[in-house]
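Please go over the structures that come below.
Next come two complexes built around subunit A: one with subunit B, the other with subunit C.
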Partner chain A sequence: MGSARLSRVQAVAANTFRETIREKVLYNLVFFAVLMTLSGLLLNPLSIRQDEKIIKDVGLASIELFGTLIALFMGVSLVSKEIERRSLYPLLAKPVSRGEFLLGKFAGLAFTLLVNVTVMTLGLYATLWATRRGAGPELLQAVLAIYLGLLLVVALALLFSTLTSSALALVLSVCVVVVGRFADVIRNMREVAPGVPAWATQVLYYALPNLRNFDLKTRVVYGDPVLSSDLGWIGVYAASYVAIVLGLAFAAFRSKDLQ
Partner chain B sequence: MRWPRLAWLLLLLPLVPWTQTRIDRSLGGFRAQEEVLYLWSGDQVRRLAPGFEGLMADVYWLRTVQYFGGQRVFATEKRFDLLEPLIDITVTLDPRFEIAYRYGASFLAEPWPIGAGKPESAVSLLERGVRNLPRSWLLQQHLGFYAYFFLRDPRRAADALLAARKLPGAPPWLETMAADFLAKGGERQTARKMWARLYEQQEEGPLKRNALNQLQRLDALDAADALERFTAEFRRRRGRWPDSFQELGQAGLLPFPPVDPTGVPFQYDPQGGKVEIARESALWRHPGPLGSGLR
Partner chain C sequence: MASDTTDSPLQIVGLSKAYRVGFLARQRRTALDSLSLALVRGELLGYLGPNGSGKTTTLKILTGLIFPDSGSVSVLGEPLGSRGWRRRVGYLPEHPYLYDYLTPNEYLDYAGRLFGLETGTRRASARALLAQVGLEDSADVVMRRFSKGMVQRVGLAQALLNDPELVLLDEPMSGLDPLGRRLVRNIVLDLKARGKTVLFSTHILSDAETLCDRVAVLRSGKLLAVGRLDQILNVDVSALEVLVSVPGASLPDLPGGVRVHPAMSERVRLDVPEGALAPVVAAVEGAGGRVLSVLPTRESLEDYFVREMGPPAEGTWAPRD
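Presenting the complex of A and B:
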């Protein structure tokens, strides 16, 4: 990618990031802070010495949940809102290609999520530190996996955003995210519905995004080792799936009649 | 907002807590018994929250602890109907939640009103824990202790302790304890050793307090037996049972105050000279066919 193209993508990304800040997306960090503070203060007497596990569970689940909500709600409006507000036309009149625009949008929201996830992770460590509980670097493995999963959700939301209106894109994205969390059910579908052809379950299983891949929370909380190779494969899966989805989004957006 | 409206709003604000107080007074402050467990299986919860099983297990564990504590402390008619399904959901969602097996078994095994009085369920829970955490000698040890104390099954108990001994980190005294179970199954002294070990092992909290309670209960049972020997001696001398502990004392046959370790006076039956732990005492257990432990 040439430096001029890169700077154009960066410009769109920076603008997208500023836009998400203006949308007060980072307010979720306040909720997270309150949640972590309450967890730290209340869980010890309530949980019978399981506060460390629960703080980690709550922290990691919150990072994933808040991240997914941001990825979905902001992701689906990345393109469709620009079209609905007609702010896309002057932008594309400038020397910015549709591909650069999409890539910039993706990178901008990915950066917003990175800031969010980083701050929430620091908050989780701070809570564990304040409650004098163990907090090793292994938590970061789960956080990294969560972040990779969020990138995939952003890509999916962006794809639907290029295809349809914000509302419908949200419905479709939520459906895919929910189905992606039930990947194990799809794989074992024939156990409950033997009539379904094996090839159909195979196609569904491999075609739909398997969001369970990005769930290392329990393993990390229990201190099970996560091999670098495992994380590597998760990264490769995320990168390839994101590339495919963004490719589809480019194709859809390129052929879109914006007149 | 104009000031009169704000004033009205401020006047209305106390209405909410006041109304809540009235509702609590009418329906009872603790209404957990009325709550319904909407989902009765961990698999249902798992299907509803894919990827968040750990968090949901935590939520159900907190609910278990609150439900158990609420029933035990606040409820007048102590019932533990939801305890078993709550624990089941917790460990189905997170099969490695070790503390849920240990504490859950204690909540289930202890006889009413201290616990749910379901020792069979407690032992099943521990067996499930042992299957899911096969390297936890602590769970195996608990399984052995509960089988011995609550089910009075020394063979099963000894097998569990010997299995625990083979696991890394297990203390060597498990073998001795297993031998004690087989040699003196059902004796109070073995039970005392067992609860003393549990008391030493446990971190501060309900399990440690429960072990202390059990040790005090064994002391109380010893004291009640001793008092019965004194009432029998009184009868031997006078040809009748003493009317009260006071009369026993006047006869010089009361070497210690007739109260249990928590300070609650023993209950005395002058018709048969029987001495028992009083129902008001924290050491009292319901005399059911199972779950009352050693007598």
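Presenting the complex of A and C:
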């Protein structure tokens, strides 16, 4: 990518990030941090080993939940809101291509999520430290996997955002995310519905994102080792899926009439 | 102004566009029908037509927001699909929305980055333009607090940020108060004085009459006429508008064919056929009155629109502001 292109993508990304800050999305972090700290203090009377697991489990689940909500609600409006409000009009008349615009929007929200996840992770570590529980670097493996999954959710929300209104994009994105969390159910669907053709379950299983791949919470909390190769495969899966989904979004957006 | 198209900054040939409408988008409504138009470098062209005539569709095609069904466009010597010309063109959309969470300075900085302007140039241009549109004191106020007219001014500033050779303005007076409109008029005239080419879409005919070298008139997506106002309008003097003052507003007997408008105190406005001026003046002065002014009556753009398109339906075009 040439430096001029990169500069335009950065400009769109920076503005997207600024929008999320001005729209006060990051305020949830304060709420989250307070909640986590309080939960840690409330768990003090429990046994050391049990409450450590609970704090980690709740903390990681919260990072995933808050991150998914931000990815969904901000993601579905990335393009559709720009079209609905017509804020896109003066921008696309400038030397920025639609592909650069989409990439900038994706990068901007990805950076917002990175800041969110980082601050929430720091909050988790602070809680563990304040309550004198062990907090090794293994937690970061689970957090990294969560973040990669969030990037996939953003890409999906962006795709739907280029195709339809914010409201419908949200419904579609939520459906895909929910299905993605239960991808194994699709694979084993024929056990409860033998009438469904095998090829149909296979197509669905591989076409829809398998968000369970990004769930390392239980393994990390219970001390099962996560190999570098496991994280590597998760990264490759996320990168491939994001690239495909962004490609589809670009294909849909490049010839769309903005009436 | 000669309409030589060899060096035209904007040349449109056979441009057509139809929108899909109705249930399942099975019907097509023609928005532009084989539009051909060429701008002359340095001119200010008024792009006129009632609402729904295809003005905004044309500008959206030119700026890449929608895609034509057929036809070709050359912008500053480059094909429409090329992106190079976009560095040299400015565009103000109708009723712009400019991220209300940003300040004018922030928005112009963002726009400047998309144009690829250096930081120093961006800041200097933004400062100068905000002063030009009268918003230097609000440069760091978030646009959420702005009136519609103030947002429109920022929109105009972003369209001029790259010192464009060609400026496309879609209803630039929309939402402005009288002072704002005068300010925009001055900016547009300044652009012309600096040799810029301006395509200026409006349905406010008085703006076009005041500002434009030429006008292009659209009706139902088709180009109805293009040329100087004196080429399009009937400029022959067909009558005279005579303002007279008579004591008690009691007019003497006037020659046949003179139309009398309702009196305003002692002043009365008369529409006088061209050959009947002398007897009217004599009659008024004979009755102790005075002739205050005599103006030749020519066809206005409003008359032209009424002649070509019939009387305006409510909300379709604005003959006077």
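Here is the rule we use: the second predicted complex is superposed on the first by the 254 of 259 C-alpha atoms of A that agree within 3 Å, B and C clash if a C-alpha of one lies under 4 Å from a C-alpha of the other, contacts with A are read in each partner's own complex, and residues count from 1 in each chain.
Definition applied: contacts are C-beta pairs under 8 Å (C-beta built on N, C-alpha and C of every residue); 3 or more make two chains touch, one makes a residue touch a chain.
Keep in mind that what you see is a predicted model, and the values were worked out from it rather than measured.
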item	value
Subunit B versus subunit C as contact partner of A:Leu204, first or second or both or neither	neither
Partner chain(s) touched by A:Glu23 [first = subunit B, second = subunit C, both, neither]	second
Which of subunit B and subunit C A:Ala11 touches, first, second, both or neither	second
Partner chain(s) touched by A:Leu114 [first = subunit B, second = subunit C, both, neither]	neither
Touching partner for A:Leu92 - first (subunit B), second (subunit C), both, neither	second
Subunit B versus subunit C as contact partner of A:Asp257, first or second or both or neither	second
Dominant contact partner of subunit A by residue count, subunit C or subunit B	C
Partner chain(s) touched by A:Arg212 [first = subunit B, second = subunit C, both, neither]	first
Which of subunit B and subunit C A:Arg181 touches, first, second, both or neither	first
Subunit B and subunit C footprints on subunit A, overlapping residues	none
Subunit A to subunit C touching residues, read off their complex	4, 7-8, 10-12, 14-15, 18-19, 22-23, 85-97, 255, 257-259
Footprint of subunit A on subunit C - complex, ascending	19, 60, 63-67, 83-84, 86-87, 89, 91-93, 95-99, 101-102, 106, 110-111, 113-116, 142, 155, 158-159, 168
Of subunit A, residues touching subunit B in the complex	43, 46-50, 53-54, 57-58, 61, 64-65, 181-182, 185, 211-212, 215, 217-218, 221-222
Complex interface listing, subunit B residues touching subunit A	47, 50-55, 57-58, 61-62, 65-66, 94, 96-97, 99, 103, 203, 205-206
